[in-house]
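Paired with subunit B in one complex and with subunit C in the other, subunit A is shared by the two complexes that follow.
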Partner chain A sequence: MTTTTPAPGSPVAYKDPVRQALARRKARRDAFVGMASLIGFTIVVAVLVSRTPGWPVVQETFFNPAEFKDTLPGLLEAFLLNVKIFLIAEPIILVFSLLIALTRTLQSPIFLPLRVLATIYVDVFRGVPTILVIFLLGFGVPALRLQGVPTNPVFWGTAALILSYSAYVAEVFRAGIGSVHPSQRMAARSLGLSTLQTNRYVVLPQAIRNVVPPLLNDFISLQKDTALVSVLGPIEVLRQAQIDASSTFNYTAYVAAACIFIALTIPMTRFADWVQARMSRRQRAGAVA
Partner chain B sequence: MTTQTLLDAKGVWKSFDDHAVLRGLDLEVRLHQAVVLIGASGSGKSTLLRCINGLESVDAGSIILDGDIEVTDPSIDLDKIRRRIGIVFQSYNLFPHMTVIDNVMLSPRKVTKTPAGQARDEAMELLRRFGLETKADEYPDRLSGGQAQRVAIVRALAMQPELMLFDEITSALDPLLVGEVLDAVRELKLGGLTIVMATHEMGFAREVADRVCFLKEGIVLEEGPPEQVFGDPMHEQTREFLARVLG
Partner chain C sequence: MSGLPTRRALIPALALASAGLMLAACAQEPAASSSSSAAAATSAAASAAASAAASTAASTAASSAAPAASSAAAALDGCSPENLTLVNPGALTIGTDTPAYPPYFVTDDPAKQDAGDPASGQGFESAVAYAVADKLGFTKDQVKWTVVPFNSSYAPGDKAFDFDVNQISITPKRQKVVDFSDGYYTVNQAVVALNDSPIAGATSVADLAKAKLGAQVGTTSLDFITNVIKPADKPFVYNDTNDAKSALQNGQIDGIVVDLPTAFFITAAEIDNSKIVGQFKAQDGGEQFGALFAKGNPLVTCVNKALAALKDSGELQQIQDQWLAGAAAPYFTE
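So, the complex of A and B:
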């Protein structure tokens, strides 16, 4: 040994070099074993799947490279409609659901009608499957033939998504408001802040911060559910894939559509994970105070 | 005594579910006085302080501020009263999403509508007075317990209250940090602020109190100047309590 242990009490961060070398070796070995296991597993699965009797047919109808290349540009173009629906629905959902959540926390008896309405709204729209809401609004409202009411299926499909998702997101916000410790409200009131000011400056900023990860989760889900609007007929990505598939009897277009969704949701998921990790680190750091 | 009465609580009752915490308690606080509440946990000290600034409603009795404002009147605007009464809690309760200076400025800005520049100057002045000026832009999670509690005191002072309530403000602190918080209270007492303080720091109570009240089962069992309550208590129960806390 060439290095020597510093005297006890020396103001240095001393680490035993032998022990560190051992730790590094173990880390390298773990990484190698993990990688080998992953590759081995993938090969086994690939061999097993490719040896099933129906594989050649499945490969031809679902994973046809030529078909993939042909349908992708049209699918991407159709996907723009999904993105548009998402971008319009999301901000409206955020504002609307926050209002619903706040309504449900109102204390004064004069707001009882609003509170009851908000509760019924959340109960109903959380209970009904989103696809049913889309059907009912998309086919039902235009059938009323009301003057000045739009008949555009994209409009009603988006409206249905907003109504359905707002009920969920409102509950996320309500949980966030509930997660702020009552002592924060008490401290704010003791300083003379009104109920409204307490919510605005003390409770909501903390509540919203607490629910960012579940909110991002709901965004990702909404991103996918824009495909449900296809039941009303507008040519978004799933509809386009259906058209492609039924004209060639090849289902590769569905796989291509799935790839497009994954290409967008995976970055969003990683972003949500990153935000969550960052916030839990911050909370741990703040747990002392 | 000729000094005027700032706070007069008479026959205050308060229970939570079936548990009676305050049982017809009387307490009088005169202007510029420091009244220290002592007593075992559950004797009603915290509940009394919360009733005084209306954070809890009382079940019976009255609490009157400044001779004519009845805190316990259900129809009164409590926000107006709370501006005149500051309270500091055991667990600091700073707002974690705001910097120290924003914590201090929040109520002057939003409640009394003080212009931003003036509110900032006044907040900085107060922070300086308590040795916290270098912490103005920190978030609460970067403060030690003693610093956090001093910020909580400054935040309550920013509304220029006539009466300060301290609810066991050193009980959550590392013993090494108790001193700096008690120094802050001592400084307020010297400045003439009227104080009601619940504490387990008997040495400090003895030093700073004008009057000590021993609470037992929801009433003030014994009260008097600290020399008398600590030195020659009249009740056997006071004697027992002191023997236990002083060891």
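So, the complex of A and C:
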């Protein structure tokens, strides 16, 4: 019979020990077959690729172990600049874009100029390529030589990324806010909450939970777009890889830089997957699978 | 129901047609090099595929005119247009980057003084290229120019040009993957700064230790900063010299390192309130600009003969005096 006592009143799923044993054996068998298949497939692919006529040249040019070892320390040091940029940019993007999204959801007619401004901002900065914004701000604004305006290229590169990404993330937030059922607002109204209180206690908590996966997606995208700041001069990982590659004509440096980005992105994507799985589990809680 | 078989056949037919188009496009690619720019690729592919018939007709017409014109220039043994291996037979294809910077490429057009026109024959490298072409027996019309980004010119691989002139310094690393002609100009590096820059008064390399210096990526100027000047801050590296000049004007960097003729042009014509802080003494035997060829291109020997002839006759020095008439710039002390 069942090994755990069910809570009183909850539906009981009958767990047959025979079926459970069979299921465990099947799961073990499936895992074994899957692993064997994966290993076999990898071996076949590796053998086929290494036998192709062009492989030695490709390996020498793109996957050269000596070059990889030589360039990796310099690339990691340059990557610190990328890390700095996105760690500074991301919180500012989240706050700024939330403000924009909330502005666009304001209902009162007196806020029409603000809504129009927010809409124009989102349209413009989603329409313009990020690298163009970086050029405009990074070279254009310092050229004005205004008093008190910083000229540091890292500053303007980060500012351009913030402006560009806030437009995208604002739309994500707006979608999240729209995904909260209108009955929530009506229920809040019936409880006597003002608009601000409704947003703060009812709508936003649900909205943000709904859009955590796309937000993580945009964060991962931001990590990669920090490479665009290299056009303004600072040496970050892409520029360092370019300097290495153009002096030795071996493109392993680019592959190494790609590996660094992937090494950073994969934990984030797995974390995003876990968050999403946990949310769906919670939303399905209580339902019989 | 008669429509159904047609529709069933349509999708595979479309797939086959698009695959065929892609294969046809790829088949034209080997004519261009993988390491040249899209413009060079399209120009080479267009000339190879679309105008193959037209160019052979033009080259037969041109080469019948050429022997008459170049009989005086047949002093170079075995180096006339008929027996040279050329990328586009009948024409000499020379590569350079865009924008083509003065004083190496100059244009008459007053509206475009910041970039030169290679085909005008004006400017130091343009003049040298046409002089070499003339010595090889090509007329001015037989010289074709193609755009090749600086960084892909000295990268290994097939080339869509016969040779490239773009202020490319001969370095041992580059010589491993491409071929160079003999040098046609000895170049010194120089520092350009605004008049109110912190390093405007620098007189020695040590004075530059705290400077924020900029240079174009992949250039010997950047190597110079890293290996010779060795400032405390990392250099600022730009995609091209124009970005470096913008950063200099914005005050984002204290100075840029470029070759001396470029430095003269920048300070004389491009950036107001700028000066050449100084030039560096030649290191390790000095740098020379050379024409760049694909590895193993037999054209190198003929171009070297042409350059030797130009040097002997004094024509090269004449061209240098005409376009690179330099005033002196102070040398940095160690």
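Here is the rule we go by: the second predicted complex is superposed on the first by the 260 of 289 C-alpha atoms of A that agree within 3 Å, B and C clash if a C-alpha of one lies under 4 Å from a C-alpha of the other, contacts with A are read in each partner's own complex, and residues count from 1 in each chain.
We take it that contacts are C-beta pairs under 8 Å (C-beta built on N, C-alpha and C of every residue); 3 or more make two chains touch, one makes a residue touch a chain.
It should be emphasised that the depicted structure is a prediction, and the values quoted were computed from it without experimental measurement.
In the superposition on chain A, contact of A:A143 is made with subunit C only, not with subunit B. Legend: residue contacts after superposition of the two complexes on their common chain; A:P153 is shown touching subunit C, with no touch to subunit B. When the two structures are aligned on the shared chain, A:P205 is found in touch with subunit B, with no touch to subunit C. Once the two complexes are laid over each other on the shared chain, residue contacts for A:S280 go to neither subunit B nor subunit C. Judged by the touch definition given at the top, the superposed model places A:S183 against subunit B, while subunit C stays out of reach. Remark: subunit B residues 53, 55, 78-80, 82-83, 86-87, 89, 91-97, 106-107, 110-112, 139-143, 145, 148, 155-156, 159 touch subunit A in the complex. Contacts from subunit C toward subunit A in the complex involve residues 151, 154-156, 173, 176-177, 214, 217-218, 222-223, 234-239, 243-244, 246-247, 249-253. Residues 183-184, 186-194, 197, 201-202, 205-206, 209, 282, 285-286, 288-289 of subunit A touch subunit B in their complex.
Remark: subunit A residues 139, 142-143, 145, 151-153, 230-235, 239, 242-243, 246-249 touch subunit C in the complex.
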